[in-house]
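Here the structure comes first, spelled out in structure tokens, and everything after it is commentary.
Chain nomenclature is as follows: A, B, C and D, assigned in order of appearance, with residue numbering initiated at 1 for each chain independently.
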Amino acid sequence: MRPIANTRSAAGIPTGRLAVWWVVASEIVIFGGLLASYIMQRLAHPEWADQAAVTDWRIGGFNTLVLLSSSLSAVLAHQAAERGNGKRAANLLYVTCGGALTFIMVKAYEWTMEISHGFTLQSNTFWSFYYTAAGIHALHVIAGAIIMLIVAADAKKNLELHRVELIGIYWHFVDIVWIFLFPLLYIAK
Amino acid sequence: MIERYLIQASSYAGDIDGIIILIGWLVGIWFLISEGVFFWLIWKFRHRDGHKGEYITGEEKHQKRWITIPHALVLVCDVFIIVGAVRVWYDVKQYLPEPDAEVRIIGQQWAWSFVTPGPDGELGTADDIKTVDELVTEVGKTYVYHLEARDVLHDFSVPVFRLKQDAIPGRVITGWWKATEMGEFDIQCAEICGIGHGLMFGRIHVKSPEDYAAWVRENSPVASLAAVTAR
Amino acid sequence: MAESVGVGTHGAEDAHGHEHHEASFFQKYLWSTDHKMIAMQYMFTGMFMALIGGFFAYTFRMQLAFPGMEVPFWGMVTPAEYNALITNHGAIMIFWVAMPVLIAAFGNFLIPLMIGCDDMVFPKINRLSYQIFLISVIVLLASFVVENGGFGGAWTMYPPLSAKHEYSLTTLGSSLFVIAVALEFVAFLLGGINFVTTAMNSRAPGMRLYDIPIVVWMIVIASILFMASVGPLIAGAIMLFMDQNLGTHFFDPNAGGDPILWQHLFWFFGHPEVYVVLLPAVGITAEIITVFARKKLFAYRTVLYTTFATGVLSFTVWAHHQFIAGIDPRMAHIFTITTLLISIPIAEMMFVFIATLYGGDIRLNTPMLWALAFIAEFLIGGVTGIFLGASGADIYFHDTYFVLAHFHYTFFPIAIIGVYAGVTFWYPKMFGKMMNDTLGKIHFWGTIIPFNCIFIPLFVLGAAGQHRRIYDFTHFPELAQYQDVRVFATVSLVIMLLFQFVFIYNFFASLKKGKDAGPNPWKSNTLEWTTESPPGHGNWKELPTVYRGPYEYQTPGRDEDYWPQNVPS
Amino acid sequence: MSDSAAAAHAHHDDSHYWKIWAILCALLVVSVIGPLFEIRVITLITAFGVAIVKAYMVAKNFMHLNIEKQYVIYLLLTMLVFVFLFFAAVAPDVMKWEGDNWVKPYVAQESSAPAHH
């Protein structure tokens, strides 16, 4: 059961969404710190360019497309939820999870390739950053997908429909992080 | 106040003590005033029967004065402190004088090794003198040091010089001192560097020109080599 | 359902209609989602860790005073043990005592009660936050007993010492330490989001921003500071852990990494962290001073604005910890200026508290003594900080005992005095009994006097050039002469520690023998005093409405000298 | 939970979001084509400039920051400001190879990875 506290909204934003914004805020600083560290090291080490050249922008680009599309299905799910159509919302969330799954599969394939060619975590600091940043982001994708399945299961029964929007906001944030990781890790030579 | 415990043995020790004393006066006065007012108020407005407290919001201007004016004065003091601190810092850490001699200082777990110029007075030549935990220098000369670390962070600190600088692996950090007093002083490692940190102490010997010359003659590897061949 | 049980469920059976049922011990004390019970869990865990931290302090102070002698209850202190002791003393006192008690315990207990709602907005997340914190405690304790003992690289964990096992010689200890710290951060991120959301959204009807008690403001702002500053260090902790165990080279200069990067990652969090623990203590002081001076807080809004200013400025000062750590000398100028600027809001905050006493009707009960002691002692910590913030003076003072004495004069008022103030003040509300005032005063003087006897001498030793984290100073010809000063400090410490047992006795004896408190023993205005003590589940039979600010004491035209927030005018 | 956002959504039908998505995909194409010219300026603009535009569009239209309470935007921006502050103050030490009275002897990254040899 939910405490009365949870139903008040003195700040003008429903409690759940307000909390998600705070989560996003703290995530911004986490990824910000990591990427800031990466960018200064990268600028300090021009010789990393030929390492970066190895990463395959086609795979990265495809994954970007996947995440952008999953963001679309997430926001459409939110729309459906706003209209009280839990069934459609749930299905769209499952589509989004499908996107997450594709993303992870592609990433797994990509990493297998790179590792089998000898570009491992220890190869040099570029690769350390590459696997760390992409890895932390991938963990966020997986976590998001799991939460999304739970939300979808409720939404199907038209329960807790507002949560569809919350997981959506988180998902768009994960998408935005990747939007920046893509040029940083794949494109910049 | 520092020189009561430690002599000022370098040219800038006096400046650093100076800024410390300046700050000491400024904050000391503030400290005494605030604690004084604080305890006086506690005593003056202690609970007594029949005495009732007053209703003061502190929002009106004439009331706020009591904190805004001190607030402005603190700002003024801060300006003085900033100016003093920045000037001292510039002289000690940022500006580099013309060196009379250069030394290499290498920190490692858990010892200091020093490379001082040999008879030719040049660093990086065959006759350089390598010592461990004992740094021998000459009084009145401007020394420029190149500080390195082999493994972890260390900190080269000579309290009597008021000199302190971290040694970072992967960097060479340059600084200077000019000893004004002769004698033998502590070198401490001021950055924790593992279990031997407490044992990582050295001694710096500040010698008169004659003694220093004699020491160089005895210890220069080339000189000793010459002595051997002469025999 | 775990939600419906918590401290003192009795007397609140029909609080918005849960039927009361007897909960198992496990449900009631370990699995509760009631904010008051979680606060208790945090408080007792924190106090348990405080005992450990205090014992560590005793052990290494004994080693410093009588080097090479068997320390009672410990034995010989090896250099490795000494490093582990000081490292974990610092880490425990900040991360596992100050944070859980000041932020989590008081935050959990006070925020819902002071803003007039029945619980945190996310009770289950609240419970999860404590459970993660508990795991971090266990991991930390485990790190002491693993092979080669606990981590000994200082709580700042500077690499390469912390990054490479062949340097630190604590193979497992250093990794466990990093994991424990990271888990602790996650716990407080969850808790912080909960606090901020609760305070923003769940205020009682009628409570405007300027009607919120200062302590709630302070805890919320502290949580925000924590959230905004800890991110880089979480990333850094991951990087450090990978350096330790996965063979990466983020901080390894020999492979293109940079140790300075860690120092920045750490202190970008580390300095705001000081204010994260300071602000709640300041807030507690504000509450207590207004109540026992029977006086309206002087310039409520000014306090808020200075707090905001402190919060923002605290993000711009971190490199003053690194003046001589190898950062570019030009940076030092900027950070000197910002550091001295932050002295202004803090000074103003102190002025406000002193001004609040003017025209008061001051009663010196134990909580008031602690609150006043906080101001008196924190002033010393504040003014000595100026020496260290000024780059020129810091060249000499950096990493000496002067620094150590300085931050103990800030952290002791925060983590010990502030906590005792809060506990003695809200004890009646937490347990429904009054603490013994005489024992409280004995404990107060027995703590404050030895505390000054410990750290005033350490200022002197610092001025004499004694550096930190060295396990035996008799090796240093210039320092050996001050041995008797060290002995004096150590003896004072032992006396202070012994007096803490007075508090522990008082705490538990009062639970039984203490006389009943009644809802509002201090005649205070804020909402938590308008429900019975201890509050039942749901806190109020029906939730209160707020009509005025929290500090309406001595309001003209009333015969009582106080005017609770929920009383209609 | 009906709220400002819900109310404001009424006049959005799904096609609006499809439009945004199409634009994002177009931008994605730009950001991968651009760098193929191997011209530094174009690479930077197309890769990072476009990334910022994409992030802005997602945040505005998908996260609905356009109809969210103002202070949320300020909150997120403040966090970004802190990140930039961090970068600005750390770069002089970490990014540079020498400064006032210090140098990092250049350690080129000899990598075990084949890309080098």
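Methods note: contacts are C-beta pairs under 8 Å (C-beta built on N, C-alpha and C of every residue); 3 or more make two chains touch, one makes a residue touch a chain.
Please read all numbers here as calculations on a predicted model, not as lab measurements.
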| item | value |
| --- | --- |
| Contacts common to chain B and chain C (chain labels) | D |
| Contact-richer chain pair [B-D vs A-C] | A-C |
| Distance from the mean Cα position of chain D to that of chain B, given in whole angstrom | 44 |
| Chain centre separation (chain C, chain D; CA means) in Å | 37 |
| Inter-centroid spacing, chain D versus chain A (mean Cα positions, whole Å) | 14 |
| In chain A, residues with contacts to at least two other chains | 9, 11, 13, 22, 25-26, 28-29, 32-33, 36-37, 40-41, 45, 122, 124-125 |
| In chain C, residues with contacts to at least two other chains | 228-229, 232, 253-256, 258, 260-261, 268, 326, 329-330 |
| Junction residues of chain D - those touching two or more other chains | 79, 82, 86, 90, 94, 96, 100-102, 104, 107-109 |
| In contact (per the touch rule at the top): chain pairs | A-C, A-D, B-C, B-D, C-D |
| Residues of chain D that touch chain C when the two form their complex | 78-79, 82, 85-86, 89-90, 92-94, 96, 99-102, 104, 107-109 |
| Residue ranges of chain B in contact with chain C within the complex | 1-2, 5-6, 15-17, 19-20, 23-24, 26-28, 30-31, 34-35, 37-39, 41-42, 45-47, 51-59, 63-64, 66-67, 70-71, 74-75, 78, 81-82, 84-90, 92-94, 109, 151-153, 155, 157, 159-160, 162-171, 173, 185-186, 188-199, 201 |
| Residues of chain D touching chain B in the complex | 100-105, 107 |
| Chain B residues touching chain D - in the complex, by the definition given at the top | 93-94, 96, 170-175 |
| Chain A residues touching chain D - in the complex, by the definition given at the top | 9, 11-14, 16-17, 21-22, 24-26, 28-29, 32-33, 36-37, 39-41, 43-45, 47-48, 50-51, 53-54, 57, 61, 64-65, 68-69, 71-72, 74-76, 79, 82, 117-120, 122-127, 162, 165, 168-169, 172-173, 175-176, 179-180, 182-183, 187-189 |
